[in-house]
Structure formats: structure tokens, C-alpha cells
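Quick one: the structure is below, and I'll ask about it shortly.
Letters are used for the chains, namely A, B, C and D, taken in the order the chains are written, and counting of residues starts over at 1 for each.
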Amino acid sequence: MTSFAAQDPNFESRVRQSFSRQQFMATIGASITRVEPGEVDIELHQRDDLTQQHGFLHAGVLASAADSACGYAALSLMPPGAAVLSIEFKINMLAPAAGDRIVARGRVIRAGKTVTVCWGDVTAYSSAGEKLVASMVATMMTVQGRGLTD
Amino acid sequence: MTSFAAQDPNFESRVRQSFSRQQFMATIGASITRVEPGEVDIELHQRDDLTQQHGFLHAGVLASAADSACGYAALSLMPPGAAVLSIEFKINMLAPAAGDRIVARGRVIRAGKTVTVCWGDVTAYSSAGEKLVASMVATMMTVQGRGLTD
Amino acid sequence: MTSFAAQDPNFESRVRQSFSRQQFMATIGASITRVEPGEVDIELHQRDDLTQQHGFLHAGVLASAADSACGYAALSLMPPGAAVLSIEFKINMLAPAAGDRIVARGRVIRAGKTVTVCWGDVTAYSSAGEKLVASMVATMMTVQGRGLTD
Amino acid sequence: MTSFAAQDPNFESRVRQSFSRQQFMATIGASITRVEPGEVDIELHQRDDLTQQHGFLHAGVLASAADSACGYAALSLMPPGAAVLSIEFKINMLAPAAGDRIVARGRVIRAGKTVTVCWGDVTAYSSAGEKLVASMVATMMTVQGRGLTD
């Protein structure tokens, strides 16, 4: 992986504060567990109220965590005053998300002035080991001067 | 749009019962409001606990509703005994999801024996009118004989 | 579909001239057959040297025509002096591309200052009728002041 | 990366023979340069007749090579008698494809009985060094008993 340098020395607190304003992350029980320049981990746990019809975590829950992880990986590299918006993402479900602990890791693969592209890997951890359960590619936009900040 | 015929005469109750087992849909306050062969609507409402950091609905909420709408649009055309799984989806966010009522409409565009492809449109309704806020393409799989049913 | 107005009165000649500089379109025998504000058709024909291993048109050929159709649909709405770049696209193959004449139609669904989102439908026409063979969603970027023009 | 074992001892010649029937790969000057279980490289070179309007390789050329690399990475793991079809792919363009030599590498990340998911990285090599210019995620299907073979 390419390694990146943050433009904003306060990138970590900025990312964590913005994450804490994402009320939906609290709703699904997700917390942000690691913030590095261009790389962010978000964790959540198996819970009955997050399931689809077969008892696995809903694909939308995985997508939500991976989208936030990708967005904050992108934000960690943005200049002070900028905000991040999701332009689009695509996610492949690779295996049923069975596991006690789920980690969505967002990593920047291309950081541009306007457009940043990230990978998001979702891994399930259980007593049986770890398993890659979903893979995302997300395109994020740097927004400046539109009254939005992060 | 192409119009489709259901193979299962009980497609509507089957879709509604499977949806009622998606506990995550209840968590985000989503209900299924229309079930036709190859076309399903899912509705939800603006709620503070579903927002991202700028106060709009989180992209993951839109994706969750659209994924379920696409999955059930696909299931409505499947033979009795089959189950539906999301292989992958891609969603573009077209405008901030501001609006009191959000409708995710899933529509089948190609129904195959194994693979079904759907569009998912997410529209926000407010006193200011209606607006297309997100557009999904989803690939769904028909699963038979693996101990899963819908 | 939403209808759009062009900002550049010369949008059609501008699109056609830019298309004529895409040497790859000539290589695959593609021509631009319709240019409206936000909507562009590109046509090509079945040819042995465009096939994959089973004798159908290669998915990359369909993607190439649909990407150009989407890019020029986006360009048709851009201000004079701007250039268009593809940020990303996704394409679903819906049926084998068997047919004498293939039309890729790009249509803008969201035109923003920086980001434009398009659908690209690929239809095969033969004596047996017409068939939707592929469906694209593409994200295009308006580029200004970087030494690129279209 | 996960490593995979081939089910078909003749996987390499089978992949190479199928590739040689993709006439479109010859049209764009692409050759297959490496075939391992679950991993395939396809190379091509900068050529004027493969360009878009700004003189860079057309995104469709990159997508074509990456789609074939992903498809053959998937085929390398399939049982004898099966054929591979592209269900869908998504590609992000990360940088202009400027470089003398382009390598599209397809790698399987999930090999299922019916559905295989691959990453496709496109790298440009020039005297200035190497650069990742595009990133694909592709979903491939194993087809058996429909009169298609690879």
C-alpha cells in the first residue's frame, strides 16, 4: 500500500469528532477504533436488530460501516476546513457476515484534490478465525466553501 | 420497463413475510409499501438517529433500504423454495437525502435462473416536492437447496 | 427522464469534434449518431475482431462504447472550455451481445458543477428484434483549467 | 492475498487457449504474460489507435484488459468443462494511462461454486517509473452445461 501524509496535523481529532456526529453509527453500535493518515477502522458487533431475514448482518449494515470507514480515511488526508461527501460506492458480499466482531477498514488508494478513491474491507472475527466478508470501492469528494465542515 | 410475471402465486405474502424477518428494517423504521412482480417499494422517514455528520440521512441507510427493495423485487420473481442473496450493489448519491419521507423502489431489469439484476431508485419527498437522491444497481442471486428459504 | 438544457450553444459540434479525436472509437468502428443535451447515442456493428472467446462482442467493447456515450452525454451539458474525464463506471452484462447493430445510449441523470452521473444502456438490434444487453452507471468529472479541453 | 489451488491440472494451457480465441485482445495488441492459479497478467502497449480525445489510452481499453485478466484469473480455478462469463465489473480511473507498457493483473479474492469475485489492477510502466492507473472489481460466473466451454 502507498503511505500518505496528513495535511492537517489535527486529522485524528477531526475525524473522531466528525464520526461522533454520525448518529447512525451509534444506532448500529459502531465505534471508530483506529485513525491513521489514509486509513480508518470502524468496529461493530453482531446484534439481532441488525440482521436480514436469514439472521446474518444486513448487507446495508456492512455497507454503512465501510462507507464511513472509507469516508473518514479520505477525510484524514483533506486540508483543514474541507468536508467529505460520498459520491458513490460499490460493495461485493463475499461470505455471510457471521462473527462476533466486524471490522470495516477504509484505505485511500488515490488522494486527489477533488476526488479520493478508497478500498473498504469488511472482516468478521469469531472463535473460528477471521474471514473477509465484504469488499468495497468508494469514491469520495472533497467539498470546500459550501457551508459544510468536518 | 419490461413487465414480469411471478412464478409463485404467493409471491406477495412470501416477500412481506421475509421482509418482516429483516430486523434491521425495523431498526431503521422501514416498511414495505408495495409488492408487484419484479417491483417493490420500501419507505422510511427522516430520523435523527439515522443521520451522518451533516444531518442528512447516512448513505448507508439509503443503501440498506435500496438493497432490500432490490432483493425483494428479485425474490418476487423466484420459484417457491428459493432464497435471495445480494451478490453486490453499487449506489450513487445524487443529492443530500433531505425530505420527510424516503421511498426506495427496486425494479428487476433482468431475471435469470441464477442471477437477477435490479435498479434501485431512492426518492425523497418533502413539502418542496420530490427529488431523486440515490440510484443503485444491484446483482442478486437465486439460492436453492442450501438450507435457506424466503 | 429529466430534461436538460445545454449551457454551450455549440454543444453538438463540440461533442462530435471531441468524439472524432477518440481514435479508439474508430478502431472499434463506432460512430456517434445522436447528440442531444444530456443524451448521446453511439453505434457499432458486430465484427469478428471485437469478439471474446465464445464469439460474442467482448464486454470491454460494450463498456468502451457506453463509457464514451456517457462521457459525451455529460460533456453536452458542460460550459465552454471544460473537459470531461471518466471517474469510474460499472457495467452489468445482461445478455450475450448478439446482434448486427449495437447502440450505446448515454443519459445524464444528475448534472453537477463537478460531478455528473449518467446511465448507459446498450441495446442489440437484429432481425429477431431488440434486446438490452448491458447497463452502465458512470460518474464523470468536469475538468477546468488543467490544460485539457473538449 | 489468499492463495488458491487449481482444480484443473491443465489450467494454464486452458486459459491461454481461451485467451487466444478472444479476437478483441489481438485487436488491442494485448498478450497474456502470466497465468497462476487465481492470478493472470495481461499486457498491452501505448498505441495511437487506442486513445481517447486527450491522447491517453481510452478507459474502455483499460477495462477490456482488466476484464479479461479477471475473467481468466477466475477461469484458472474452475473445474474442467466450465466456462466463464462476466456478470459485471466496476472500474475506477485513478490517473491518466500514460506509459509505454500497461499491465492488467486479475486476482481472485473469492472463488465460489457459481460466483467468483476478482480485483483487477492496471499499472502503467514508463521510464518515469510505475503507476497504478485503474482499479477494477469484477464478478464472474461459472457456467456449466449450456454449450459453452473454455
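Note that in this section a residue touches a chain if its C-beta (ideal position, glycine included) is under 8 Å from a C-beta of that chain, and two chains touch if they have at least 3 such contacts.
Just so we're clear, the structure is a prediction, and the values are computed from it rather than from any experiment.
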Chain pair with the higher count of C-beta pairs in contact (B-D, A-D): A-D
Rotation angle superposing chain A onto its copy chain B by C-alpha atoms, nearest 5 degrees: 180
Length of the line joining the C-alpha centres of chain A and chain B, rounded to whole Å: 22
Rounded Å distance between chain A and chain D, as computed from the means of their C-alpha atoms: 28
Distance between the centres, which are taken as Cα means, of chain D and chain B, whole angstrom: 32
Touching two or more other chains - residues of chain A: 87-88, 90, 92, 117, 137, 139
Contact set on chain D toward chain A in their complex: 90, 92, 94-95, 109-110, 117, 119, 132, 135, 137, 139
Residues of chain A touching chain B in the complex: 18-19, 21-28, 48-54, 57-61, 63-65, 67-68, 83, 85-93, 148, 150
Chain A contact footprint on chain C (complex, rising order): 87-88, 90, 114-115, 117, 137, 139, 141
